[in-house]
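Each of the two complexes below includes chain A, the first together with chain B, the second together with chain C.
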Partner chain A sequence: MLQQYSEQAGGQKIEIHSSNHSFALWRLLLYATADFPAWGDPNSPANSYLSPHYIQKSIEETGVPNLVTSVLADYRGFDTMFETAVVFCAGLACFLLLRNFKQKEENFYRHIPTGVIIQFKKGDKTLPVGKEFEHIDTEWIPYDLIIKTVCRILIPFIQLYALYVVAHGDFSPGGGFQGGVIFGSSLMLYAIAYNLRTLVQRVKEKLLGLFCAIGVLIYAGIGVVCMALGGNFLDYGKLSQILPVDPGHIRAYGMLGVEIGVGITVMAAMVIIYVNIVSIGRHDEGL
Partner chain B sequence: MINTNYPAILVLSPLLAALMCSIFSWCAKKLCYPTAIISLGISLYASIEVLMQVMDTGTIQYRMAGWAPPMGIEYRIDLLNAIVLLLVISIALINLVASYQSVNQEIGKKSNTFYAIYLLFVTGLVGITATGDLFNLYVLLEITSLTSYAQIAMGDKDRGPLASLNYVFIGVIGASFYLLGVGYIYIMTGSLNMVDVASLLPSLHGSSAVLVAFIFCMLGIWIKMALFPLHVWLPNAYTYAPTVVSRILAPLMTKVMVYVMIRLMITVFGFEYLFEKLNLAEAVVWLATIAILAGAIMAMAQKDLKKMLTYIIVCEIGYMVGGAWLGNELGMTGAILHIVNDALMTFALFLALGNIVYKLKSVHFDNLKGLFGKMPWTMAGFVLGAFSIIGIPPTCGFFSKWYLILGAFEKGAYHFAGALIISSLLCAVLFFRIFEIGFFNNEHDEHNTITMSEAPVSMLIPLGLVSLSLIITGLYSSSIVNKIILPFLQ
Partner chain C sequence: MSEILPIIVAKYNYWLYIILMMIGLYAMISKNNLIKKLVGMNIFQTSIILFYVSIGYKTNATIPIIENAHGDSHSPHELIIHAADYINPLPHVLMLTAIVVSVATFGVALALAVKIYQRYQTLEEDEIRMRLTEE
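Moving on, here comes the complex of A and B:
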């Protein structure tokens, strides 16, 4: 019955094959779980081998109350640096593959007092129009007072909250990745509430490109400074030679530094990806 | 102080240079290319120093952030890593020099930003090779994959993005299989450090979870290295990539994955587990045999030189996987020696291919007529590379095949030895067909005399160096085996 059906519809056949494969994988996974330690078992290897060290020693060794941050940014900080590089790489790839420097062929200008729309073909550059005209998207959306006003009020608070999340990463849940995403989303909200052109004019592409690289550079740079001061790469303890702070908390300051780097890169990469995807790389109009 | 930090400098120098290139591409475009060259130069110097240190004093351990191994991440460089690191970085550097004009021709305006992503790709490969931590390896695998997807999509305008998308789908499955395997290992042992895991595993040899972890790790890596039934992404991805990218992907990406497989087999799971507890070895050698034959036969069907070479890569993967899974010292020696040799000879062939593409644009067989007259130096390099793939004695390809065949006979795997010999013959047919087209199939029109139009000198010198290195490596292969591979295996 199933086979008859699959002969009728060409696409169905593939689905049957793939379900067989996923069934085999599912059985393999099930076979493995038979041997797993019990759910939540405090004596399982994952809970009893390295975790006690992190839980008991991390405040003493790193001076950071948030264990997640201390594992993420210190014990396994080298991994996190490359995770940040992955984000940087995503932004870079979006720029390389999508960015199109050709300007679009048509431009639309709206005469504000009368509402007449003028279309210019083959206008390579934006025309120097006076205050009576505005440069508009192909699909013009009327001015919306409520959305724009609410966003204008909200955006500064979102950004402030983003900075809080970055700065408090070592005390409470949060950190560079989360804070960077929140900050980036505030800029996207700006683009959605107004239009893409307004965002691109205010936050220049060059600035975003530089920030995206500088964030990772801060992270790796802190590591290199530690190396230059005689330690291993990312050994924050050595920073106490140049920073006039309590040596017990020096690793926490190192972590704060790298979290700031992560935040900058994530923020810039989010906006680069958004702007390039919605405008198909032209940076003129989009969502 | 610097002496102890070489393992970190290896990977940091290209990473920092990638970031600087990205910054310079906005404000000082002229500095991008020199930055890339200098950083890879520093990295090359560090890799030579590391190799010397390892040969003098044994394995180097480097603690990232200063934490002791199971807690923190460790770089662990022994003889096998050291030689693969030297190979990766020197090929990346030579390729960057050789491909300068080709990048300008094919990528044009965005070439400055392109160097940033190229350097990130090299960072990923170097990191994968140097690390001693299973999860760190995954993170760098992710960087390598992401950058290679982006680089491939910058190639052929019509087919490049599609080929890259296929690679994305399959590559992501491969990487997540590997991650799943590592997750299972962590559940069972609680550790991610390779040496530490290796010391914890023997008590868990009967465990089904460890078996599944092993299967997932191997499947993931086989997908990434394009072992025969899992190879479908490779030919298109490498064919439609820009010249500079296929020149580095073809020799390095698959070979580094073979290195990862050997590292997992020897350092993490151990020979005792693989060949005494599991009964998989014979099946894998059969799989490799089929891969060798299938790769060679599919190469016969191609009408485009670049695509033909990509199928030869599929065939060569079979050599190394089969050799490693023979389970004896000769086979493993052959597999490791073949990582070095195959990287060099594939690189030589793709350098020559890049020169031809630079001049002719298309490398369809019809366009190759009279090529020996047009580009004699390029073709000389190509012939040396081809001889090495076929396995003609003074070139290095012969020696690794010799070890592989000896290993196969010692094990009694006559099918594998047979496949090696048949594929060598098939490769001979493949390449002599190209030679025939290039030498004899001239246009019969008397007026249309062939004029010499050779690639620029900056592309010819690297090709010359690499093709000479094929003979030199061949002549010195006994010392590579005696000083590096055998001490590592003991």
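Moving on, here comes the complex of A and C:
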């Protein structure tokens, strides 16, 4: 009883302490805002040293109108490469933490035309999955026809839009990160509308892992090719020796290649994280 | 009061980010449930993203995509570009990658939470500590 009481008091004490601390820090930060530049000030320190160079010289130096892309993939190419590597490592960590290869002892199969469910106990018996039978779990719920149909119509357009966002990242808002996330979300929508098994059958786990690595490899590979052609790492200007395009636009093509690598990695990493978390690594029915 | 109000209005972006940041910090320190801590961490990250994007803003400026630079009709040297007409692209670049990385690391945090739940059957911090001392 006494211990319980003291534990409760300790919990309350922590709460009071932390609220006091965050309140004190809150007041300190608010006090510091007096020295901050005003909202929207064009001459604030953040807007005055490096950023005018990016804005005024980007077209001249890189030939890409979207400044965000030119800074992301050219001026700060190293940073973006390692951010991509972080996304790859996150996908890898999710896989290593959660993936569970142990199969369930019970197997359920549903005969699609009649709706009869067959159960195999402790057996290695399997049925050919196809038009007649499908592999299901105990949490199986019937598909909703409306959701299924709408998603079947929508998913190709979402994927096309994702490809557009990646390919047009140099000229309009967009790029590899955004396009990759949109493409990944279309695959997640597929898993939600049908079920996770359908997605895993359609997009194999090995393929996703391969894509996740290939994206980083494309990014680093373009950098190495630039080095092999006599420039610095990720110096896209040197690519004009092997690509038969207008030298004025060569940096835009280099950035496009890099963005494609980023998009592939982000897409695969998002799907790997989703698939592993919702099914706790078993890749069965899931959500 | 009449002196303080204009200061708040002129710098309301900082006030918003500080309030959000402290909500996140408070949740991370004091909440007992690991998922609530993660939500606090996400609020904290979002406040930093808002802060970065807001310091890149310029009044009467447009998005950082150079106008009239598409296609080959204009030679780049003919374009006159004023830095005051376009908002600062640098914070956007930093936050663009930070958003995706925060989502990916949030996925790893959720995976760890799932593993902790599988091991201890709970996500409450004090109960986990109790189980640890029992073992």
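Following the convention adopted for this analysis, the second predicted complex is superposed on the first by the 257 of 287 C-alpha atoms of A that agree within 3 Å, B and C clash if a C-alpha of one lies under 4 Å from a C-alpha of the other, contacts with A are read in each partner's own complex, and residues count from 1 in each chain.
The working rule: a residue touches a chain if its C-beta (ideal position, glycine included) is under 8 Å from a C-beta of that chain, and two chains touch if they have at least 3 such contacts.
In this text the structure is predicted, and so the values were computed from the model without any measurement.
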Which superposed partner A:172 touches (first chain B, second chain C, both, neither): second
A:142 touches, of chain B and chain C: first, second, both or neither? neither
Touching partner for A:56 - first (chain B), second (chain C), both, neither: second
Touching partner for A:214 - first (chain B), second (chain C), both, neither: first
First (chain B), second (chain C), both or neither touched by A:41: second
Touching partner for A:227 - first (chain B), second (chain C), both, neither: first
Which of chain B and chain C A:244 touches, first, second, both or neither: neither
First, second, both or neither for A:78, with chain B first and chain C second: first
First (chain B), second (chain C), both or neither touched by A:97: both
Common interface positions of chain A, toward chain B and toward chain C: 29, 33-34, 36-37, 44, 46-47, 50-51, 54, 76, 79, 83, 86, 90, 93, 97
Touching residues (chain side chain B, partner chain A) in the complex: 1, 5, 8, 12, 15-16, 19-20, 22-23, 25-27, 62-67, 70-73, 109-110, 113-114, 116-117, 120, 123, 127, 135-136, 139-140, 142-143, 146-147, 149-150, 153-154, 161, 184, 186-191, 200, 207-213, 215
Chain B partner contacts - residues on chain A that touch it in the complex: 28-29, 31-37, 44-51, 53-54, 74-79, 82-83, 85-86, 88-90, 92-93, 95-97, 99, 101, 206, 209-210, 212-214, 216-217, 220, 223-224, 227, 230-237
Interfacial residue positions of chain A with respect to chain C in the complex: 7, 11, 14-15, 18-19, 21-23, 25-26, 29-30, 33-34, 36-42, 44, 46-47, 50-52, 54-56, 58-60, 63, 65-68, 71-72, 76, 79-80, 83, 86-87, 90-91, 93-94, 97-98, 171-173, 175, 177-178, 180-181, 266, 269-270, 273-274, 276-277, 280
In the complex with chain A, residue positions of chain C that touch it: 7, 10-15, 18-19, 21-22, 25-26, 29-30, 32, 54-59, 61, 63-66, 69-70, 76-77, 79, 81-84, 86, 88-93, 96-97, 99-101, 103-105, 107-108, 110-112, 114-115, 118, 126
